[in-house]
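Several structures are given next for inspection.
Paired with chain B in one complex and with chain C in the other, chain A is shared by the two complexes that follow.
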Partner chain A sequence: MRPILMKGHERPLTYLKYNRDGDLLFSCAKDHTPNVWFADNGERLGTYRGHNGAVWTCDVSRDSTRLITGSADQTAKLWDVKTGTQLFSFNFKSPARAVEFAVGDKLAVITTDPFMGETSAIHVKSIAGDLNDQTSESVIVIKGPQGRITRAVWGPLNKTILSVGEDATVRIWDTETGKLLKESDKETGHQKSITSLSKSMDGTHFITGSLDKSAKLWDIRTLTVIKTYVTTAPVNAVAMSPLLDHVVLGGGQDAVNVTMTDHRAGKFEAKFYDKILEQEIGGVKGHFGPINALAFNPDGKSFSSGGEDGYVRLHHFDPDYFNIKI
Partner chain B sequence: MADVISMEQIIAKAESLGIDFSTMDLNSIHIPPGEDFGIVSDDEDLRREEEAMEFDEGFGNIIVVDNLPVVPKDKFEKLEGVVKKIYSQIGVIKEDGVWMPVDPDTQKTLGYCFIEYNTPQEAELAKEKTHGYRLDKSHIFAVNMFDDIEKFMKVPDQWAPPESKPYTPGENLHHWLADEKARDQFVIRAATDTEVYWNDARQLKPDTVYKRAFWTESFVQWSPLGTYLATIHRQGAAVWGGATTFNRLMRYAHPQVKLIDFSPGERFLVTYSSHEPSNPRDTHRVVINIFDVRTGKLMRDFKGSADDFAAGGTGGVTGVSWPVFRWGGGKEDKYFARLGKNVISVYETETFTLIDKKSIKVDHVVDFCWSPTDPIFALFVPELGGGNQPARVSLVQIPSKDELRQKNLFSVSDCKMYWQSKGEYLAVKVDRYTKTKKSTYTGFELFRIKERDIPIEVLELENKNDKIIAFAWEPKGHRFAVIHGDNPRPDISFYSMRSGTNTGRVSKLTTLKGKQANALYWSPTGRFIILAGLKGLNGQLEFYDVDELDTMATAEHFMATDVEWDPTGRYVATSVTSVHEMENGFNIWSFHGKLLYRILRDHFFQYLWRPRPPTLLTPEKEEEVAKNLKKYSKKYEAEDQDVSLQLSEQDREKRRVLKEEWERWLNQWNSFVEAEKLERQKLRDGEESDEEEEYEAKEVEVEEVIDVKEEVILVD
Partner chain C sequence: MVAESMAAQAQKPRWGEMEDEEAEDLDFLLPPKQVVGPDENGIKKIIEYKFNDEGHKVKTTTTIRVRKLAEARLSKRAIERRSWGKFGDAATQDAAGDNRTNVSTEEILLERPRPPGSKQEETKASGDPFQVSKAGGVLMVCRTCLRKGDHWTAQCPYKDLAQPNFMNKPPTPDADKPGLGKNTYVSPALRDKGPGERTPTEMRRRNDENSVRVSNLSEDTREADLGELFRPFGTVSRTYVAFDQKTGMSRGFGFVNFVSREDAERAINKLNGYGYDNLILRVEWAAPRAT
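Up next is the complex of A and B:
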C-alpha cells in the first residue's frame, strides 16, 4: 500500500471528512483554507478561501452541495461545494470548533470555545434551503461544561446532541430543551481530555479518543462503554472502518516534546485494532509528527490521515488487508 | 498527614453538606479495607504508636537542665541570661522557652530549668553537647530530655519479672517458595501503587498477589533472602512478609529515614537519615541505627556530622556513600565495617563493638571491599608522595587482622575491586598512567583467594588504550566479561580463570567486535549473559551463551533503563523507569531472549524480583540433576503442554464470548435503525432509504435538435 502524499496545507492538519459518496475528501488545517480533493487519486479540486484563522472541523451535506466549517476566527461558514463561494457566515464571540449537519441537513450544531469571559457553548442553527431565508439566529444555545468542547455530534433522529471535551466527559443533551440527559461514568470513562469522536455509519455507536492513551467505543443511547482500546501514546484522532470490524487510532506525543526524543519514540503511527477483540492488528507509519485527523472512505477501501507535519496521506488498502485474520 | 478529626468538625461538615447527622448510623458505613482516606484512625494500638512517633507536638523538644546554681531573686536574671546564652548557640529556643522555677518560700531558684526548642533534633543535640558541661567547679550540668524524666519517674522501685507473652504461631514466611508452579514473585511501584505479582510466564501474564496504594513513602526493598519487603515511612522503616498476605511483621522507629540496608543474612537492618543543621554553617547531622530485624531491637546507633561518615575521609565530598557499613563474613552477619579517615573500623555483631576495641589503622586508605563469603576484605591505598610510595592492594583477614597478601602497584591513578560471588577470585581493575602521565591505560590484577599463597596474575588487554566500560564475574563461575573500547561500538571479551587443562592460568575465550552495549548482566546461574545497551543506546539486548560462545537472540526494549534476572535465571525483566515519560513499563523475557509479555504503566519507578535463599541441594545433587535433566524435565514439559492447550482453549472461549456480545449489540442497533427508518425518511424529506442501493442506474435517451437547415437541392 503506497500512500498518496497530499501537500496542500502549510500548517498542521486538524480534520478530514469524506462526503457520503466517498469521491471527495475535505481537509481542514491550521492554515486558513480548507481544501477539497479527489478521494481516488488525491488530486486537489479546489479551496475555500475566506476564513481568517485556523479551521478546526467541517461537515458536508448529504447531497454534497454544502460545506460548513468552524474556525478560530470566531465564525462558522457555509460554502458552496462546487464553486467554493462563501454562502453565509455565522459570527460568534469566541472561536468556533466543532460543526455537524443534522440528519436532513436542516440543522447544524456549532460549538464555541471559552474565550475572553465567554464560556463554551453549543449552538444549534437552522440551515435554510433557500439562502435568502438564512438567518444567524440560534434555535437553541446550550451552556454547561467547563473547558473546551472538542466535538459535538447529533444523536439518533436529531433528538439529542453529544458533546465531548477537555473535561474527559461525554454528555448527551436534549435538542429541544437543552437539558443534560446523561453523563459518562467517571470510573469507566476517559481520564483525560477527549480529543476526537467519530460516529458509526448508522449512528448507533461512536468511538472517542483521549489523551489518556486510550480510545473507547460507546453505545450512543445508553453511553455504555462497550470496548476500550489501549495504546502507548495520547490519541488525537479515531475512525471506524465501515466495512470491517476495525478501528484506527492516531496520535503521538505532544508536538512540544517531539524534538526531544527519538523519532521512534514519537509513535506517529496510525494503529489498527480489532473492533471486537480490542487487539492491535498493525500500524501505518509515515507521518513526521503526531496524527491529528483520520477518516475512512465510506466504502471502507481506503483511509486518509492528516498530521501535524501538514501532510494528508491517502492510503488505498492492499487486497491482503481484507483477509487479515487474528 | 491529616489530624484526628473531632466530632464537632464532623457534625459541622455534615451540616454544610446538608446531611442530617442525627439520622445517620455511623456503623453502617463501611470503608474499604486498607483504605483510611488519609484520616488517622483512633484505634488504641495505632494511636499509641503515633504518639511515640510524633515529636513535634509532644514534649520531645524540651530538655531539663539540672545542677544549676541556686540563686536568690536578685541574681535570677543574670543566671537566666547565662543559660540562654549557652543554649541559644545550639539551636533556636522557642519564645518564652526557658522556664526556671522558683521556690515560693525562699524565693530562690531550685537549681534546674526547662528549655524548649523548636525541634526535637535541636533538643537532642543540646542534650548531647551540654551534658556534663562545667559551669564552674561545683556545677556540672546534667541534661535530660523531658520525656526521659517522665519515663525514669515511672520506673518502679521493685523489679518485677516481665510478663512472658503466650506464643502465637506466626505465618510461615518461606511459604512463597513452595509455590506449586515454582513461580517467582516481583514487586513493582508505579504512580502511588505498590504491587506484588507472581510471574506467571506460562500464562504469559503477571498474577496479582497483593496491591496497596501509598504503601511506602519513598521506595521498597526486598531483604537479601527474600523473606521481607521493607517500606520507608516518615517515622521509620517497616518490614512485611508472607506469601500472599503481606502482613506487617515489624517496624523500626527512625524519624525521616532516607536509606536502608539489610545485612546479607537478613539478621540486621541498617537505617540512615540526615538532618538539616540548625546552623547553616554546620554540616548535616547523620543518624544511623542498626536494628535486629526479628525483634525490632535497636542494637547500636551512630550519630555524627556528615563529614564523619563521608567515605574515604577524602573531604570536600558532602555526600555519604551508601551503604556506610559494609557487611562481611558471608551470610552469618558476623562483621560489619566502615571506612574512616586513615582507619577501617570493623565491628562484630556479637557485642556491636569494635574488634579488639580499636579500628584498623591504614594510612590514606580510600576503599575496601569484603569478600562475599569469607571474613576477608581487600583494601586499596593510593600512591603517595608523588610516586615515592607505591599504591597498594591488601587482603586482610578478620578477626585476626592479619594481612594475607599484599601487592604494590606503581603509577596508579585509580583502582576498583570486583569479587567473584563465591569469594574464589578477586579482580582488581587498575588504571595506570602512561609514561607521559597524560593518559591512562587499564590492566587487571587477578587474585586466586582459595589457592595456596594466593597467586596473583596480571592481565592486560590486547589493545592497551581501550577504556573499560564494564566488568562482571560469572556468578559462581570462573569466567568474566569485559566491555572495552574507545568508540561508540566497543568490543566485549570473555576470559576464563582456567585454560584448557591448566587451572592456574587465565585465558581468553573470545572477543565480540563492535557491540552496542554498555552493561553486562550474567544470569545468576552463570553460562548466559545479556549484553545490554541501556539509556543512550536505546535498549539493545543481546542474549549470549558463553558455553557455546554463541548469540541466542538479539532484541530491543526501546529506552530500557534496567535489566534484572529473576533469582533462578529463567526469566529476565527489562524495565523503563520514569527517568523519562515515554514507554514506562516492563518486559519479561525468557533466558534465551523470547519476549513473553509486556506491561505498560505510567510513572513506573521500581521493578524488583523477590530474591530466593540459596539452594538446599548439595553440589553433588545439583550435578546429578543436571546430568539426568531429561528425566526431570519430562514432568514440566507435560505441564507446559497442558497449559498451552488450556490457554488456546481459553482464548477461543473468550473470543466466542466477545463475538456473541458484539452480535447482541449489533442486533439491538439494527432494530433501532429499522424502527426509526420512517422518521428518518421524514427528516430527509422522504428520501428513500439510508442504503447505497438508492442509486439506480437508469438509461435515459435524450434527443436534442442541434440545428435545422433548409437547403434547396437542385435535381436535374
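Up next is the complex of A and C:
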C-alpha cells in the first residue's frame, strides 16, 4: 500500500480520531491547532484555532457536529465541526488530558493533570443541546488516583467511567456516586505507565497499551485480562480493527532516548497482532519517530498513524491484507 | 504487484553474466512498447525495453492500479460533508499543489514477522522471485543454465556441455575419470577432485576453505538475499547472516560457502566493492575457524 502523508502539524502528533461514518479524521498535536481531514484522500478540510497549548485528545459527537478537545492550556473546548468556530470553553486549574463524549452526547468526561498543587481529577460535564444553556459546572468530580490520568472513557450504558494512568492501574468508577468500583490486579495488570486505551466497536472489551512493552485486552465489566500482546518497544498507541480480529500497537522508544541508545533499537513500527492468538501478523514501517497515535477507520479498511515526526500517515489496506492467515 | 516488479527485476542481467555478454547498441532490435489493460481489477501494465549504459537490454514493467475513489459506500451525511467549504488554516493556507497531503512514493508493505536468525526456508520457497511466476505458481529454474520455466536442472540439455561456458568454470576432469560416465551424478563435494577417499572431516575443512566472508551488509539482508546474490557464481552450499541475539537485527556480515574454490574466488573478485543496497560490500576469504 502507498500511505498518504499528511503534514498539517508542526509538532508531534498526540491523538487521532475518526468520526462515526469514517469520512473525517481529526488529528491533535502538540502544536495548538487540531486539524480535520477527509479520511479517503487525506485532503485537509479545516483547522480549529483557539487553543494556546498542546492539544492532547479530542472526541467527536456521533452525528459529527461537535468536537471536544482537551489541551495543556488548562481548557477543554467545544467546537463546531463544520465551521471551526469555538462554541464553549471549559476552564480548569490544570491541563486537560483526556476527553470523551458519553453515549448520547449529553455528557462528557474530561480529566485534568496534577499541576501546581492540584491533584489529577476526572470531571463529568453535561453538554447542552442548546448552546445558550451550556454551563461549565461539573456534574461530578472524581479524585483519587495519583499521577496523570492518561485516558478516561465511558463504560457500558454510561454507568461507569474507566480511567488509566501513570500508576499502571485501570480503574472503574461509578458515574452516579463517583465511587471506585474495581481496580485492576497488580499481578496481571501493567507494570508501567499506561499510555493509551481503546474500546472495541461494541464496547464489550478494551485494549490498553503501556510503557512496559505490552498491550492488554480487558473485559470492560469484570476488568479481567483476556489477552496480552508482548512487543519489543514501549507502546504509545493502540487500536483495534472493527472488521478483523486484529489489534495494532504503535510506539517506539522515547524520543528523549533516541540519541542515547543504539541506533538499531528504534522500532518505529505499527505492529499488527492477531487479537485471539496474540501472535504478531506484521509491521508497517514509515515513521521517523515513535508512533503516538493510532486509529482504525470504522469500516476497518484503512488506518492512520500519527508520529513524533509530525506526520499523519493514512494507510488504505491492500486487498491481500484481508486474506492474511497465520 | 510485488511479483510483477520482481519479475521485472529478474530480466536484468545477473552479475555472474555481466562480462560474458557482448555489448550491443542496436535499439531497433528492441521490442515495441506495450500497454496492457486496465483489466477488471484496474491494473494497467506498461512494458518498455531499452539498453542501459552497459549495453544490456532492460525490460521495465510499470504496473499502475487505476482506482475509483468513490467506490466506498458513504452515508448521506458524509456525502453532504464532502461539499463543505474549507475553514481555518485550510481555507487560507492550503493552496493547490502545496504538498500538504502527499501520497508516499514508497510502497509500504505489511511486513510479516521473521524470527531473528532463522533459516527462512519457507520464505525462500515462496518469496524467491526466481521461483514465482507471474501467475503465482512455481517456476522451473535450471541451476545450470539459469533458464527459467524451461526445464529442471536434471533435464538441462547443457548439463555437461555448456556449464563451463556459462559459468566460466574451468573444465572439470570428471569426464576423464574412470567409472564416471557423462550422465552419472557426482556429488558436489566430490567434483573437481582427484581419486582417493575423503573423510567427512576433510570435506568439512574443505568447505571451510571455500567460505567467503561478506561484510558491510545492510540490515535488511537475509540468507535468501545472499543466496540470490552469490548463486550466479556457482553452487552455494551454505549462506549465513549473523544476527545480534539481543536486538534481533542483522550484525552486518555473513558467510557464503561455495562448493568449489574457483567459484568463490570469482565471486570475491566480482563482488568485493560491489554496491548492494546502497552499501559497498566487502567480500573476502573467511578467516579459518579457530579450533
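The definition used in the following text is that the second predicted complex is superposed on the first by the 321 of 326 C-alpha atoms of A that agree within 3 Å, B and C clash if a C-alpha of one lies under 4 Å from a C-alpha of the other, contacts with A are read in each partner's own complex, and residues count from 1 in each chain.
The definition used in the following text is that contacts are C-beta pairs under 8 Å (C-beta built on N, C-alpha and C of every residue); 3 or more make two chains touch, one makes a residue touch a chain.
Because the structure is predicted, anything quoted here is derived from the model rather than measured.
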Fit or clash - chain C, chain B, common chain A: clash
Partner chain in contact with A:G84 - chain B first, chain C second, else both or neither: second
Touched partner set for A:V103, first chain B, second chain C, both or neither: first
Which superposed partner A:N158 touches (first chain B, second chain C, both, neither): first
Contacts of A:E10 with chain B and chain C, given as first, second, both or neither: neither
Partner chain(s) touched by A:E183 [first = chain B, second = chain C, both, neither]: neither
Chain B versus chain C as contact partner of A:I276, first or second or both or neither: first
Residue contacts with chain A in the superposition, chain B compared against chain C: C
Colliding region between chain B and chain C, picked from 38-46, 182-190, 200-208 or 272-280 after the shared-chain fit: 200-208
Residues of chain A at both interfaces, chain B in one complex, chain C in the other: 232, 262, 264-265
Contact footprint of chain C on chain A as seen in their complex: 1-8, 21-24, 33, 35, 37-38, 40-49, 63-64, 82-84, 232, 262, 264-265, 272, 280-286, 299, 301, 313, 315, 317-318, 321, 324
Residues of chain B that touch chain A when the two form their complex: 538, 558-559, 580-583, 600, 655, 658-659, 662, 665, 669, 672-673, 676, 679-680, 683-685, 690
For the chain A and chain B complex, residues of the former touching the latter: 62, 102-104, 106, 156-158, 202, 204-205, 219, 221, 226, 230, 232, 245, 253, 257, 261-262, 264-265, 275-277
Residues on chain C engaged by chain A in the complex (per definition of touch): 69, 72, 74-75, 77-78, 81-82, 84, 86-91, 94, 99-113, 219, 244, 247-249
